[in-house]
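These are the structures, in structure tokens.
The same chain A turns up in both complexes below, where it pairs with chain B and then with chain C.
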Partner chain A sequence: MGANVDLIFKIAGIGILVAVAHMILKNSGKEDYGFAVTLTGIALVLIMVIQMLGTLFDQVKSVFKLF
Partner chain B sequence: MLKLIGALLIISATGLAGWSVAREYARRPVELKQFITALQMLETEIIYAATPLPEAFGKIAEQLEPQAASFFRQAAGELASRQGCSAREAWHRALDSYAARSALARGDLSILRGLGGNIGISDRDDQVKHLRLAAEQLKAACAAAESLADKNVKLWHYLGLLGGLLVVLALY
Partner chain C sequence: MDILQVSGIALTGAVLAVVLKYKKPPLAMLLSIFVGVTIFLLVLGKIGSIIDILRQISYRAEISSFYLGLLLKIIGIAYIADFIAQVCRDADQGAIAVKVELAAKVMVLMLAVPIVVAVLQALLRLIP
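Up next is the complex of A and B:
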């Protein structure tokens, strides 16, 4: 349980930082860089989440004996 | 503990990188203003005092802030030491070594380079025209540099720190 809560906080932190970076870039007229930063943030979070999703699917498979 | 030290190192490294980029942006208008002042002083030296160029460069170097002063000091030195070196050669040589350590953009340097081609080769009235033209061009460049600095200095300060925080959070 502890590891998962850590992951959630980590993702929340990344989200806040990416939002602030996007805002700063947008205010100084660099919208395209802002979107690049947002996209990188999404990719980063997806990579983290996908590992957890993989373990979830493995558990589902083992519970229903779908090997 | 080790993780915390690493995190601090990463944040300070990216923060410093952002800070140094921001400083480049902030330095350019300052240097341009120094050169505009220098050209006005040179105009005065030429038209009212009729000072020879090596002495005029030396006098200007004494009154300016250190960055632009180093340029004029070197130009004065080139003119004083090398026998038969024209004002144009001295100016260009000083400009080449100054360009390596300055924050000026290529356009600013080419304005100064163009002025160097005309300095010390005609009478006083013509010299004043060239100096005024270069000063006007530098003023326009300075206004552009200031608006660029306004936009980018804060941006790079924040972006450096934010990037560091992001990396730390992703790796922690």
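Up next is the complex of A and C:
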């Protein structure tokens, strides 16, 4: 329960950090690095979300006996 | 007081998603999926206990557990498909959402075929 809320804040933090990094890199004329940073952030969060989604599907499978 | 927990998570998630949407829409979408999954997981345990009670009642009413299992499977498919379709719709991908719903309908129909066959057989037995 607490871990999940922590993860929500973690994702929001990654998002804000990526946005700030993108802005700074853009202002210093390094557009490509900014894109790479964005992509990395999205990949990181995607991994977390997919793991969570896997847990959800497993739970639904066991509750509704979907095998 | 689990509903307070759920509302707290939902409100926090909504505010953070709106903040993220301003600069990084894809991350906002992932965050909203995450919040949805968290709330769903909180509720799922309670659904499980309700299903246990339903099983006991059906056992007492002597309803074949095969049909109840089928019904639960259909509900599970509907839950998952609806969740994913909503996520797709949130991300402005209505076409994908419609396809997910179509797939869910086909799968539910496939599961329901044995029941239809049983009904037809019962009807045939009535006709002399």
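The rule we apply is simple: the second predicted complex is superposed on the first by the 67 of 67 C-alpha atoms of A that agree within 3 Å, B and C clash if a C-alpha of one lies under 4 Å from a C-alpha of the other, contacts with A are read in each partner's own complex, and residues count from 1 in each chain.
One rule holds in what follows: a residue touches a chain if its C-beta (ideal position, glycine included) is under 8 Å from a C-beta of that chain, and two chains touch if they have at least 3 such contacts.
Because the structure is a prediction, the values reported are computed rather than measured.
On the superposed chain A, the two partners chain B and chain C both fit, without a clash.
Look at A:Thr55: by the touch rule set out above, it reaches chain C but stays clear of chain B.
The vertex angle at chain A, taken between the C-alpha centres of chain B and chain C once both structures are aligned on chain A, is 170 degrees to the nearest 10. Within the superposed three-chain model, A:Ile14 lies in touch with chain B and with chain C [touch as defined at top]. Within the superposed three-chain model, A:Thr38 lies in touch with chain C and out of touch with chain B [touch as defined at top]. By the touch criterion defined above, A:Ser28 reaches chain B but does not reach chain C.
Shared-chain residue A:Val5: touches chain C; no touch with chain B. By the touch criterion defined above, A:Val63 reaches chain C but does not reach chain B. With both complexes superposed, C is the one of chain B and chain C in contact with more chain A residues. Between chain B and chain C in the chain A overlay, the least Cα distance found is 15 Å. Overlap of the chain B and chain C interfaces on chain A: residues 14, 18, 41. Of all residues in chain C, those touching chain A in their complex are 5, 9, 12-13, 16-17, 19-20, 23-24, 26-28, 30-31, 33-35, 37-38, 40-42, 44, 47-48, 51, 69, 72-73, 75-77, 79-80.
Those residues of chain B whose C-beta lies close enough to touch chain A in the complex are 151-152, 154-155, 158-159, 162-163, 165-166, 169-170, 172.
Taken together, the chain A residues at the contact with chain B in this complex read 10, 13-14, 17-18, 20-21, 24-25, 28-30, 41, 44.
Contact residues on chain A toward chain C in their complex (touch as defined above): 1, 4-5, 7-9, 11-12, 14-16, 18-19, 22-23, 38, 41-42, 45-46, 48-49, 52-53, 55-57, 59-61, 63-66.
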